[in-house]
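Have a look at the structure below before the remarks.
Think of it as A, B and C in the order they're written, each chain with its own count starting at 1.
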Amino acid sequence: MNGASPLLEIEDLSVVFHTRSGPVLANDGVSLTLRAGETLGIVGESGSGKSVFCRAILGLAKGEVRARRMAFDGRDIAAMSRSEKQALRGRGIAMVFQSPMSSLDPVWTIGDQLVETVRHHKGLDRAGARRAAIALLDRVGIQSAARRLDDYPHQWSGGMLQRAVIALALAGEPRLMLADEPTTALDVTIQDQILALLTELQRETGMALVLVSHDLGVIAETVDRVAVMYAGRIVETASVRHLFERPAHPYTVGLLGSMVGAAGQGERLRPIPGQPPDLHHLGTGCAFAPRCSRAGDDCHRAVPRIDPAAAHDAACLFPMEAER
Amino acid sequence: MTNSLSSPPVTAPARLAVERLTVEFGGGGGWRRLGGVRAPIVRAVDDVSFAIAPGETLGLVGESGSGKTTVGRALVGLVRPTGGSLMLDGQDLSAIGRAGRRGVPRRIQMMFQDPYGSLNPRFSVRETLAEVLRFHHIVPPDGVAAEVRRMMDLVGLPASLADRMPRHLSGGQRQRVGLARALAVRPSVLVLDEPVAALDVSIQAQVLNLLQDLRDTLDLTMLFIAHELGVVRYVSDKVAVMYLGAVMETGSAAEVFTRPAHPYTRSLLDAMPHLIADKRSRPPVLGGEGGEAASGCRFRARCPRAGDACAVAPPLVELSAGHGVACHFPAA
Amino acid sequence: MSTVAAGEEGVMAAGLGRRLAREVASWSVTLKLGAVLLALIALAALMAPWIAPFDPEAQDYDAILLPPGGVHLFGTDNVGRDIFSRVLYAARLDLSAGFALTFVPMIYGVLIGAYAGYRGGLVDAVVGGIANVAIAFPFLVMIVVVVAVIGPGIDAIYISVFLLAWTMYARLARADMMVERAKDYMLAARVLGFSTKRIVLRHGLPNVVGSSLVFAMSDFVLNILLLSGLSFIGLGIQPPTPEWGAMIAEGKEFILEAWWISTLPGLAVVLTGTALSLIGDGLARRFSDRHGGPA
């Protein structure tokens, strides 16, 4: 991590879905900066906009995307041509999705898909691409990769498929990997394997990693910095250590209190009261205010903003500790 | 409450006792045999035994393919056991089974995983609950409305939601309706199949607290099925850890989680993400994946401690009172 | 089952009205348009005795092959019958026969299919076997056999369709029910100890009838065309009873000098078909909306 120009700069990103029951602000003024080789976790519950954010970066979001600035490696993404954007996907930024089974095409073999991707990125001939594909599978921990290259996706288990998806993502030697809930569909012991693999690959290649998860535990072990999202906005950013030791936003505190791992046996959980926000009917002001015990009148009037440059900041008028 | 099945209690301490339960799927049953069609037989549950005392919660933990859901479904009669027996208050469930059960609410009820699939999309909350109450004559007809309100209140649903359709409820609210529906027939045992797995963390905590409260107020006996160890540890008095259809370890939650004896239990605990801000530098706790059970100990292929003895399947033996483990080389 | 207190019944009726209003309010433009169009056609058919200016079977040799306009709004045919009156009266027959030919087999087809899908195993295999035989049986052979036994006419068509048409509905309902019965709410109904009848009829059926209803709308059109077609070749409705298909057939000889004899009944068929298609389309969207997860 050096002081050079950031790898990814997102300033004031908004994504609006126009639905039949009115517009839904899935991302609202999200700003984020990521340096080369940095690992960032985005944590949030369903509807927090964390997946939409990842898709918006890749230009895959379905809604209307607006941003003051979206730049990768100093180049404005919005100004890129179609082919430049295509080159950005895969070679600049790669993405790993939650469901490995639907990330792969069931009618082609794993090998077909890997070889095609490798050829696309590197311009290798068929034999060379096949060797590269085997090396990639080997790299992500598939035993006897050469023999299993010609298997179809349904012949592989979920854990192996997620490895294959990671191999596909690696094929373009990306400088940033977006992993959207990559282990949510997997068993605990397999999740453990995949997280170990991602950590190892990140260290080895020096790529930046954005890990999206609803599970603070997964985030804690895998990244350096965390952004907490709620109702389409980033409500707190901090280093993992600070987030766990000195959570500032009441939502973060509530999230930590809700984790069963945090409470001992027999101890009561401290859940966040109320229901998750309805994005159709977000009032003015802080989206968390209706569920927040610290909320005052001002919280219902204006949305508190966050300083994206700060090491630790919370979008809150009454943060837990005035330690910043 | 009318329950024509109430019989004098047999001298049995266990509310629910599962003995040598085996469930097989596939094969060619009935008329298919004539056609020679025969699917391979899969033994989803293999010789599983456990008992739950009244008011106690047993956590059944395991990864996918462990057979934990099948055990739960066998208990509520959704799958037919191939072998073994299920005893409720000392009474064999298969004996109660067929004969004269029409209109008798099942005394083992179930709460399901999927908040979006577990409610009939065409029934409002009121209709869902009223149907159960009426069908089984739980309360007199003129008391149904009040009872619906009482059930909703019990699970923490505001009365204003009574006429909502499921699609206008949040995931947590739906799970509460599913719970109220199960409790409406006054079950003596509640089987919960991953009741919070599909919920957001903050809502998960609400439902877990609710379950704890209900267990205390209603003196419920629960079988809590989950893949997440943290959740199981939070709600359970006792746990049984399953792997590929068999119980690997069983004991009090405190004992199993603090002094796991089976290498698989230990791996599960180690693999669980911890809420400690410390970037990992360790290798994964387990290699490989649980596929089909091999001969001998089914965990043998992935086990860091496996030896030659493991070619023979180890029986479940008691290490200490109430703490059983199926391993040739248990941790001391 | 239990008795419902009188007061509660009133509440339920009010609830039903409210629910109906809410249901209609949620309809798409397509669905509303189709419903209105079909309602108008049905109303016209119903009111035929009052609207029709002439007796549909009365011949008037002083007014042969008159073009549309004047007293004869749709003109007259080769024996001087008023086309407008005949089209109106034909609508009564076509709509009611089309309705019966569609919905009678649908009712038992869906019931049979839903039950087979729910039970699976032997029941499903037997039902499936019978359905396959019925599907493989050529309809025209069936109708010729039936006509040979009881003679041509609407009854022959009813018998043939009732024997064969349920299979499509049974298949649709069976397939949907097999998906539905694995869902948690169906499992819950079993665990709650509900009777099979209640589970299939009250819980399963409303959730599997959707695709059959959508299909029924196109089936309705096809049945009207079938009726018209069979009448056209002389196996169906016998003259002089007014029927759209029969009228089209009668007019074919005069198509060049008197286009209205065939075309205007044809237009009625097209209009009815359009209304039904719009409804089918709207229903399809309505059902996919309902199952579209959280709203």
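Assume a residue touches a chain if its C-beta (ideal position, glycine included) is under 8 Å from a C-beta of that chain, and two chains touch if they have at least 3 such contacts.
Keep in mind that this is a model prediction, so the values were computed, not measured.
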| item | value |
| --- | --- |
| Length of the shortest touching-chain route, chain A through to chain C | 2 |
| Of all other chains, the one whose Cα centre sits farthest from chain B | C |
| Pair of chains joined by more contacts [C-beta pairs], A-B or B-C | A-B |
| Between chain C and chain A, distance of the C-alpha-averaged centres to the nearest whole Å | 52 |
| Euclidean distance of C-alpha centroids - chain B vs chain C, Å | 48 |
| Distance between chain centroids, defined by C-alpha means - chain A, chain B (Å) | 33 |
| In chain C, residues with contacts to at least two other chains | 295 |
| Of all residues in chain A, the ones touching two or more other chains | none |
| Residue ranges of chain B touching chain A (in the complex, touch as defined) | 63-64, 170-173, 200-206, 208-209, 212, 227-231, 233-234, 253-254, 257, 267-268, 270-287, 289-291 |
| Residues of chain C that touch chain B when the two form their complex | 1-5, 8, 15, 121-122, 125, 183-185, 187-195, 198, 202-203, 206-207, 290-291, 293-295 |
| Complex contact set, residues of chain B against chain C | 29-31, 73, 76-78, 101-106, 108-110, 112-114, 116-122, 131-132, 134-137, 141-142, 145, 163, 167-168, 178, 181-182, 185 |
| Contact set on chain A toward chain B in their complex | 39, 45-46, 157, 159-160, 187-193, 195-197, 199, 214-218, 220-224, 239-241, 243-245, 254-263, 265, 268-273, 275-276 |
